[in-house]
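You will see subunit A twice below: alongside subunit B first, and alongside subunit C after that.
And now, the complex of A and B:
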């Protein structure tokens, strides 16, 4: 969206009565709305791993998240706007992360903070690690680093603000609202994958049986 | 060293049928027959005074077809460990549980069951601990492979030669998952795991119904997403009215497979991973790990490096205790203001770390046989000012603000009491142990590095409540400053060598086992490593103080109000990266 400059705002193309000059602001609803939203992005108080420590440091005195209107960390997902996924997403935690995401009101944003949340990071190969939170929920901003410095987190948050500024009323509410929670079985299972999982395990069973039969013959 | 050499008791003479010395090259201690384990352990504790079971873990010796359980027992009065092992066949390994003798084995045995599939007979509550009920397999077994399996050891081919690929493209689901053959997802009931958990808690505490006064116990779940739990930690408490009658910690929400990954890594690749164990105290973690490997390699770091290590470790302790106090106050309801004071000082210490190591938190600073580089000169000046002037003032300031604060006193005194007997039995370590009146500090009990040169007191407090656990952190921070002041006075001139031998990317470590332990800020941090002479460890186990201190959580909480649970947990000072690894 092109920002109108000061002159244009002074001369909107129609007459402004004298008594209103200097005291009326004309803007679009979108901009007003986004201005409010972007300056009060409340993060969820939700730390996962090492990156959470840097998140806390960002909220503390030296870096002072309050300058961006974001110091109000809410422990409840129902009151928060952005979920900063600050750390390794484990399979055991995955259902809970999705549940928390589902509980957040629209419009909601997700920041993947650090290598782990972005793609598994140093622990990617681990048997209990999900390779990035975007395997579970949509992500708006990725912040690289292990851990990202507080400056990097602030930069990521500013990027989010820019994104919010560009959004229109309509698109804000069109993201998919509900994501089915994964299930902890013998391994992490996405309910949407059930048919595929069954097909796969049946095939594996068949192969095993064939092998056993062959071994019996040979 | 300061410790008088104690002659190890000759246990083979005492138990000729049960015990044989461990004669494998590079190994030490005894091998005990499983059927005699309990008798042996009881004698160790009651007759020889080994009343503190520091570490218990399993090793999968796949080529020999054996599972081995390794125990490290200490005397609480100090001295070297007594190591003993039990060997059982790999197929369906069963070992008697020692929880009746050392209750501190509780969680460690559950971990060995969870990750290695060793069954401990007689364990009161043998459930999985880091993974969930229903997980397929026991992942630390050498023949268990994760979906992203690529090779037995690193560096993998993919990283050095050949076309690079994504792991995702090589698994059937494009994800890090795999399922057993014949498994039917539709027949799976996801509620069972939680149901099992709740039932086990309820069963443990069910009391006969009282007729005259109809009362019922409630089971309350706290966490894992909870404003106060210091990360993703979960507690299941049974309440009678407001009083806690039973409590079960549930963990594993941050289980990052540290040990499995560590066994694929080369020796040196594990150093940065140890940073991520207890991510607040990366420097001490480095220290513990390099110490264990140096024991195997027989390396002795040069003087200046020794001093730098002590300086870093003690700064870490100060920083950690500041953090712990700040967040204890958070839990008490003084939201964030005291923590801000603590974090301000932490930032200054982090500046020194950043200047020396290049990173604020994940320092990766120590190497086998030394440290990686010196502290730059301007950072050194910062450090000297901090240690001699600013930190002592700031610690006094915290003391002045908090110690006599009426709210702090009334909420903390007499809450969450742990008696000295319990503290030893549960294998707690660090401030938790010493706040209960047990003056056990690894820096004194079995000095490592150059700790025998410094003049400092082992801080002890005697009430064992939350208030004492708060006070002891102030005491310890002050003692650390004393050590720091001596260290910056005595350290050899800049320019002295920092590394024994020349820097290497690929170290070869002689075959054998070693247990290196340091007094980390949270307690005794131990690393048990087994080498087969290859470029990567065969077994790499971390004795995590936060994890084992949690064994005592139930004992501390019973009889207290549910509102105090959070501060009791806060006073243990856990970090989930270390609890779950």
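And now, the complex of A and C:
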């Protein structure tokens, strides 16, 4: 795959007369707009698990996200375009991820990085893991791997750039769908009840001990 | 003296910075060529470099592992001889249980054959641990080096037999040392088997 450059602005898909070649640029608004949009995809500074370490490595100078115009990791969802879901999505974290997604301005994109984010990974059947972030929010690019190497993430981001390129101006600025935040179910134990539970178990334990003592005597 | 540590640190940084660019005058073809990448990732080079990923690639270690693939040997008349015997060891050792195998059946007698009819690896689960490749007694499943597999839709993330099959020459190209070792091992085994058969024949 080639890294995107400004070439496509020179090839608008229209016939340009010879005398005008090299002196004017003819393009569509969509193309111009997407060219700018594609080269400044700002990710959200947001990591969930071990894939986040690989994401940090991608942003560092060895692989350098800045070459793609993505170096500005925004610490606020209001300023970011892409959410890299890097790691295991636990049920505890699910409402927060959805809330962050809802707070992002349109057009917004989601990358599921790694096995856990795309399908739950080895924790798929775990009691506390959402098996794939696509159960909660729409995902644009899936990157398999555990964790994906920095190059694999860059490849996924380039795929996203290609997707952005093909989008139409009109369709990206639709009203965002509000995704209702998932609600955590009741816990097995309420922390406020801990003293009661402790009392109950102590009592039970004492009873059992007394029974054992009686059995030893009798 | 106070502040010496800071000065030392700054000196190290500027040393790296200068070393990175001094070599540019001495040497050419350091960028965007495989030799350039090789030189820049070698121990004798000084300075710090970015890997300009889509144009140039990091030289992967032979034991680098990504999603596994199935090996087939090329036959003389171009048919693909799949090494996998559908024994199911890989499916059993897989910690994430990503592998699903269906054994092929003889179309006439209906008896099971030692070939897979279907073979699936769910890449949404695979964690690249390499246990399948380690346990395979036939060197049929090998960890790949191809990491460029990002997709737009989850439907393409379950790899089927056709997607997984790759030739033995590809295996030899990405892991030459391992390939040579395993080939020698298999040859020795075949030789021992032949000798045993010959001895048994002589006894009779």
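Note that in this section the second predicted complex is superposed on the first by the 159 of 218 C-alpha atoms of A that agree within 3 Å, B and C clash if a C-alpha of one lies under 4 Å from a C-alpha of the other, contacts with A are read in each partner's own complex, and residues count from 1 in each chain.
Quick note on the criterion: contacts are C-beta pairs under 8 Å (C-beta built on N, C-alpha and C of every residue); 3 or more make two chains touch, one makes a residue touch a chain.
Source: prediction; values computed, not measured.
S.K.: Where does A:196 make contact in the superposed view: on subunit B (first), on subunit C (second), on both, or on neither?
M.R.: first
S.K.: Is A:141 contacted by the first partner subunit B, the second partner subunit C, both or neither?
M.R.: Touch status of A:141: second partner only.
S.K.: Thinking of the overlay built on chain A, is A:53 touched by subunit B (first), by subunit C (second), by both, or by neither?
M.R.: A:53 sits against subunit B, while subunit C stays out of touch.
S.K.: After superposing on the shared chain, does subunit C or subunit B touch more subunit A residues?
M.R.: Comparing subunit B with subunit C, the partner touching more subunit A residues is B.
S.K.: Now for A:92: first (subunit B), second (subunit C), both, or neither, which partner does it touch?
M.R.: A:92 contacts subunit B only, not subunit C.
S.K.: Applying the touch criterion given at the start, work out whether A:115 contacts subunit B, subunit C, both or neither, answering first, second, both or neither.
M.R.: second
S.K.: Quick one: is A:104 in contact with subunit B, with subunit C, with both, or with neither? Answer first, second, both or neither.
M.R.: After superposition on chain A, A:104 lies in contact with neither partner.
S.K.: Check whether A:128 is in contact with subunit B, with subunit C, with both or with neither, and answer first, second, both or neither.
M.R.: In the superposed model, A:128 contacts subunit B only, not subunit C.
S.K.: Of the partners subunit B and subunit C, which touch A:156 in the superposed model: first, second, both, neither?
M.R.: Touch status of A:156: second partner only.
S.K.: Both subunit B and subunit C touch subunit A; at which residues?
M.R.: Residues common to the subunit A contacts of subunit C and of subunit B are 61-62, 120, 122, 124, 146, 149, listed in rising order.
S.K.: Note which residues of subunit B are touching subunit A in the complex, please.
M.R.: Checking each residue of subunit B against subunit A gives 130-132, 134-136, 139, 146-150, 167-168, 172-173, 175-186, 188, 190, 193, 224-227, 231-232, 252-258, 260-261, 264, 272-273, 276, 279-280, 339-340, 343-344, 346-347, 360-362, 576-577.
S.K.: Which residues of subunit C touch subunit A in their complex?
M.R.: 48-55, 57-58, 66-67, 95-96, 122-129, 147-154, 157
S.K.: Tell me, which parts of subunit A touch subunit C in their complex?
M.R.: 1-3, 61-64, 67, 115, 118-122, 124, 132, 134, 139-146, 148-152, 154-156, 158-159, 163
S.K.: Which positions of subunit A touch subunit B when the two form their complex?
M.R.: These residues of subunit A touch subunit B: 45-50, 52-54, 56-57, 60-62, 75, 77, 87-88, 90-93, 96, 100, 120, 122-131, 135, 146-147, 149, 183-189, 193-194, 196-198, 200-202, 204-205, 207-208.
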